[in-house]
Amino acid sequence: MTVDALAAILLIPAVSAAILALMPDYRPTAAINVAASLFTFLTALSLFVIRPVSGPYLLVDDLNKVFIVLTTFIGFTTSVFSASYIGHEIAVGRLTPAFVRFYHAMYQTLMFALNLALVANNIGLMWVAVEVATLTTVLMVGMYRTHEALEAAWKYFILGSVGIALALFGTILVYMAARPVIGEGLDAMVWTVLVKRASAFDPALLNVAFVFLLLGYGTKVGLAPLHAWLPDAHAEGPTPISAVLSGLLLNVALYALLRFKMILAASTATIAPGPLMVVMGLISVIFASLMLYRRRDIKRMFAYSSIEHMGIIVFAFGMGGPLANLAGLLHMTMHSLTKSAIFFAVGHIAQVKGTQKIDDIGGLTVTNPVLGWGLMLGVVAIVGLPPLGIFMSEFLVISSTFARAPWLAAILVLGILIALGGLFMRTNVVMFGEPKGITKPTEASYVPMFAHLALVCMAGIYLPPALVSGFTSVARLLG
Amino acid sequence: MHGIEFDVAHMLAGTLVLASFMMLYQDRLPALLNVYALHALVLALSVAWQAFIQDAPHLYVTAFIALTFKAIIIPVSLHRIIVRLGIHREIETAVSVGLTMLAGIGLVALSMVVMLRITPGADALAREDLAFALSVVLLGLLIMVTRRNAVSQVVGFMSLENGLVLAATGAKGMPLVVEISVAFSVLIAFIVIGIFLFRIRERFDSVDLQALDRFRGERR
Amino acid sequence: MITAALVCVAVLLALAPVAIALAAQMRGSAIIYSASLLACLALLVIALFALLDPAHPILSTTLPVGLPWLGAHFRIDALAAFFLAIVNFGGAAASLFALGYGRHESAPGRVLPFYPAYLAAMNLVVLADDAFTFLVAWEFMSLTSWALVVSHHRESENIRAGFVYLLMASFGTLALLLAFGMLAGSGGHYDFATIRAAHPAAVLSTTVLLLALIGAGSKAGLVPLHAWLPLAHPAAPSHVSGLMSGVMTKVAIYGFVRIVFDLLGPPEWWWSMVVLAIAAPSATLGVLYALMQRDIKRVLAYSTIENIGIIFVGLGLALAFKAQAMDWIAALAFTAALFHVLNHATFKSLLFFGAGCVLNATGERDMEKLGGLIHRMPQTAFAVLIGCVAISALPPFNGFVSEWLTFQAILLSPELPSWGLKLIIPAVGGLLALAAALAAACFVKLFGIVFLGRARNAVASTAREADGFSRATLLGLAALCLVAGIFPGLFIDALAPVAKAMVGNSMPHQAGLQWLTIVPIAKSRSSYNGLLLFAFVLLSGSIAALAIHRLASDRFRRAPFWDCGLPDASPAIQYTASGFSQPIRRVFGTTIFAAREIGEMPPPGSPAPARLVVDMHDLIWDALYAPIAKATGFVTERINVLQFLTIRRYLTLVFVTLIVLLVVLTI
Amino acid sequence: MSMIRDLMSQGGDMLLVLTLAPLLTGFVRKIKARLLRRQGPPLLQPYRDLLRLMRKDVVLAENASWLFRAIPYIIFASTWVAASLVPTFGTGLLFSWSADLIVITALLGSARFFLALGGLDVGTAFGGIGSSREVMIASLAEPAMLIMVFAVAMIAGSTQLSTIAEFMGSSAVGLPVSLGLALVALIIVAIAENGRIPVDNPGTHLELTMVHEAMVLEYSGRHLALIDLSSQLKLVLYISMIASIFMPWGTAAPQAAVHSLALGAAAYVVKLAVCGVALAVFETAIAKMRVFRIPQFLGAALMLALLATLLRFVSGSL
């Protein structure tokens, strides 16, 4: 029974992907997509009740339990959103039925890959999963077939592939480090085993390995200066994919990084992870925040804000310590909820106003109050204003690091402030003033967006103890 | 274990690095492709040799894939593509070759230092293999960076990936090697198809910003 | 009882969603404002109980929200009670005023939901007893007020004001966050009790002091962090402006007092020098800025900066004396500061509400288009007049008493041993005196130009008196100005427990003294009796009036005004606001605002009018804020290139990063 | 018993200043005229003027507001109260503790506040000129006055005027430098506040540099009488302030016997006369300033007072 829950999380998307791919008719695909995502989510929920035993290939522990549920949940809400979104796209003829079928199949494949990456206990398997996820997202980003879309997809593809290659090299190195201790064969790639024995590994080799892993998976995470693919991929692809990219893919890549960091943390002699992550995190925060000011495309702007937040999270994990790690985990959760909500809103806006250009959108709170204030709330959340969740995590990061490393914390604060300025400067144009341009009616469903925002709002005020206890135990492991 | 198998493995790996250098040196596409075929061939040999000395039969599969897919199918199809795209006669105005070679040497030195300094524990064969693999990877990246042409960038990437396979096979008893090499072949196939479908030549990679802006979601 | 307080706050919070629903209805604003009025009154009663009952236990409670392992701590001690009273007094006044004023709101949907939330946030700041809750409430306060500032979003300058405001507010909050991070250490013990118990090291506590000064000061509007204030306060609807100026700045002061006097432990002697060196110039500069303005609400906003300066002078003196363990003088200075907090809350709300009435009646904020309103709206004029007298620190009103107490504290400061203070405090006294005199000039100008003289345009001549609620609020506040002025003893005694808790001693008990005189230290030294003074003035004035009307004549007749025999009917001959302050601008402006007057004379014989152009610079803005904006623009432009590189260049970035990391690792 | 006497002395004091005020003005005018070799108006002319004005009708501008009519009484009342709080012939008056030096300054401040408003009420050009210049002068004179008060208060250890006077009378004073500086500052402030030459010229009209007269231009009849009376009171106030601080000789102590009170009164009259003569001489000797020289004049006072205070701060003895 227990294994079934775990298997189901992988099987449901895989099977439904196959079904969707083979479907003759495109109309029911959206519904099937939603249903499949819902079932995956429900099975994932069952993990809270009964924990399956983890084998050499799959595992469930405190760390990924939460992320599985989060991923499947956002997968579900996004599928709901994408149903209405894609419906509109067909209506205006931007997508042909064939593409719609293909899109939904890809969507489920992506879900499968993400879940696999999360539950994989074998670092090789994890790598494969991330690669598959990359490929599917590449295909989806390029789906509109416009020059911009193709260019974005191609850039994403090349940079992603290089990243994958580097990550694989890192994985091999980890295996090399583990082999003398654990011996040849499968065990030397099983994460649980690795963590147990990590203290005996050759620290120097692990350091080099981590450099490659940081660069490899960091490319997926979108850390500057490896970020180049991220803004365009977000801006040019279908909005549900932007939501999934920011909300899930970045998280999964970061999750992979965390797994390896835990190995390094377990072995005392290693130095690499902390400083490296802190530096890259700070660079990303400052860089991304500064990039916000000149953005003209609303989706690209929020893509940069994702880079900034990934920077904050990586900084938190780099600083380490129970509080900072907890904050990092919290921030991952909050960010993926908020950012996907924001992309939902942006998707609707782009459909209502028929453009993504910030300067062509204006007075949204007048023309579409619900949508406008929804996005406003999302922006307020993402810049880290209370009483929403991200404020809590940022509070924890900053306050827990300032006493230890004042200057680093100060730089982080500066970055957060710059980002706030940039985001508000641009969103003011969208939200307020005289309405601009045309306003098409839309039959969008605001449920997913407000569901996410409600969760974020609640988390800012009250965190369920279960979540916290899980996170704190993980935070301790993260060192 | 300084025996014949070590020397052969060493020799093959060294040849791979040498092939990478040759690729670095080539500035005409057809020649580049030929050298890449050679590169893949050497890889296949070394993988096979590893399979032999580690008596790990599944590695023969990897070797076979490398031989057929990389040494034959890919180069041939790429030849077709460049002929169709009409860029087979182009001389690439890359960064000057001399400079690139110097950089390459530097990279090899770096990888040697990195690997040999940090892996005193691992057995000699693995160390050598890793060192060579790393230099092949870095050289592959260097090729990608110094070439303007999408096709030659792809070639660079494939050589990089050869380096990875070398490392993977060198790592004694590493599981999933076959799967990984398969996965990579799929990846490369995608890339090649991508080039073929979207007629991607240097247009996305032109330094001419006018041309670039046409394909940019966001104007300056 | 604290539960009751929290319930009231919860009610306020709950009103926000209700307001979203009600905003469309006609009676929506009435319902919301009356509900928030009731909640504020209830909280006010609770606060007064907690403050006035001498044998009152310190209430505290913890709710299972916020940080899971910490919970949200709430506590009402004397300090919190006092500021709770201030907040809800102001809140109640604003709500009452808004019952009338809010009816004229053009976009109620953008004001109603945020108004109760804003009140709730300010209450929570005061109630909070752990760093997290405090900061959440603090920033939530900024957020809601921001929403209110941009409520009239069609004027682009309001949006700009809101942007600057939110940026500065978050800057302040982050500074406070760092301060608390420093206090709590990396252990995550954020509750105030633990922080209070742990005494930080000297260098550390100095950092905290500076951060607190930056954080609270930027919210309160200390120069040079004041830039947002004159933009944001006027932009909001007038009852909110009153709250922001009269109450929110006080909440900021609460934050400063809580951190520096309560959490930080014993002060160093030179901290006070930092505070005084910022506070005194703020007072003088603030009122000088105010004198140069033409916009009523902007004048009031700048004068807020002045009063905040005065309050911080009091706090600085209190710090100095506390550091030297002269706690009885410290109590005097501290009480003066808190008393001024109350007074400023009173008359600044009054004046902003008055400005709101004028705005409603005429739709005009520019003084130079107003005039003669005393005929059209006599009661408003009367109330505003009292506000002006009070804020100009003239007896027998409340503003004078607090400044008088501050002066008394200054006069005692030769007792301080440290030479730096000996040198700086006389200058502070001088600046304070200057500020007081300039404030009088400023408010003569405000009242004289807006309410006296002749109407300068049509709307001003057809204005109508404000509605009943507004007038009731204005007159009530005016009455309070007088009461606090003539019975200061009662208020000082009410402040005693606060001073006792913060500086370890309190001013001598005043209520018992004959004729309700107040005696800060000793009767031989100084004493003041507002009641008697008021009675005297009233008496002699009426005696004179009576005598003259009886014995001499009480006849009068109306005639055109004389004006030295050159009467010109056009209202254009009257002095304008800028003309009125021109002499003072000549005296101070040339240095402080780099003000220049350029007279443009037409060539002889041409009928063109001569023009006088005055150009002034806000030097602080030019020196501090403009460069930052410029730098940001420059850097973003430069860095923006990275969005437009080619794939090869991006690969190069990755490649270089890899090489660098490997090299770093090997060496 | 003593209560009644205190009340009497307080009331007597109030009446005394009220009655002496016009006389002093007349006296100064007379002296000035004599110095100019003119006959000059009789000593009692100011009384006659006041009575005449009282009897005349008030001519109000059409758009004069209720405030305009209330202002003269406010000004008169606050000035009178302020004047009666300054010890004249005896210290320790009944209500002297109800207000100290700072309060007296502030009372005069409120009088000025309303006077300036009065200048603005009708909305004429001259009124505007007057009040705008008045507030400019005040914005410098008031701080100077206050800082002077600081200096004196620190010497005497009190801001209570009667206490200061007693202290000055005692031998404990010595001869501090800062006291001298304070005196000069006070004199400058007094000149400015009373609108005497060189700051303002009470004698003239229709002069573009006038300040006080420009403000009261629209006033007539009893209103004007009250304003004139209060400015005369102000002169008495300042002179008696200077007297009580800097020449406290002969002032009767609190609870003093009747004869010493009489002595004090005599001494007081003498002091007034001396100061009046000095003022007259000074005014005839000096020329009127341009308006924008006044800030420098008052700035000097401000600096002197500040210097005095600083000296007190730095060393208790100087």
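So that you can tell them apart, the chains are marked A, B, C and D in the order they are listed, and the count of residues begins at 1 in each.
The working rule: a residue touches a chain if its C-beta (ideal position, glycine included) is under 8 Å from a C-beta of that chain, and two chains touch if they have at least 3 such contacts.
Predicted model only: the values in this text are computed from it and were never measured.
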Chain pair showing more contacts of the two, B-C and A-B: A-B
Maximum centroid distance from subunit C, chain identifier (CA atoms): B
Whole-Å gap between the CA centroids of subunit B and subunit C: 69
Approximate Å spacing (C-alpha centroids) for the pair subunit A, subunit B: 31
Subunit B and subunit D, separation of their C-alpha mean positions in angstrom: 99
Separation of subunit C from subunit D, taking each centre as the mean of its C-alpha atoms, in whole Å: 35
Subunit A, residues touching no fewer than two other chains: 154-155, 158, 162, 166, 207-208
Per-residue multi-chain contacts in subunit B, two or more chains: 114, 117, 141, 144, 153, 204, 216, 218
Interchain contacts (touch definition) - all pairs: A-B, A-C, B-C, C-D
Parts of subunit A lying in touch with subunit B, wherever the complex brings them together: 122, 124-125, 127-128, 131, 135, 138, 147-148, 150-152, 154-155, 157-158, 161-162, 164-166, 168-169, 172-173, 175-176, 179-180, 184-186, 188-189, 202, 204-205, 207-208, 232, 235-236, 295-297, 300
Subunit D residues within the subunit C interface of the complex: 14, 51, 54-67, 69, 73-74, 76-78, 80-81, 84, 95, 97-100, 102-103, 106-107, 109-110, 112-113, 116-117, 119-129, 131-133, 135-136, 138-143, 146-147, 150, 153-154, 157-160, 163, 205-206, 217-218, 221-222, 225-226, 291-292, 295, 302, 306, 309-310, 312-314, 316
Complex contacts: residues of subunit B adjacent to subunit C: 107, 110-111, 113-114, 117, 138, 141-142, 144-145, 147-148, 153, 204-207, 209, 212-213, 216, 218, 220
Residues of subunit B that touch subunit A when the two form their complex: 114-115, 117-119, 121-122, 126, 130, 133-134, 137, 141, 144, 153, 157, 160-161, 163-164, 167-168, 171-176, 179-180, 183, 186-187, 190-191, 194, 198, 200, 204, 214-219
List of subunit C residues in touch with subunit A within their complex: 64-69, 109-110, 131-132, 135-137, 139-140, 143, 150, 153-154, 156, 159, 162-163, 166-167, 170-171, 174, 177-178, 180-182, 184-186, 188, 190, 207, 632-633, 635-637, 639-640, 642-643, 645, 647, 650-651, 653-654, 657-658, 661-662, 665
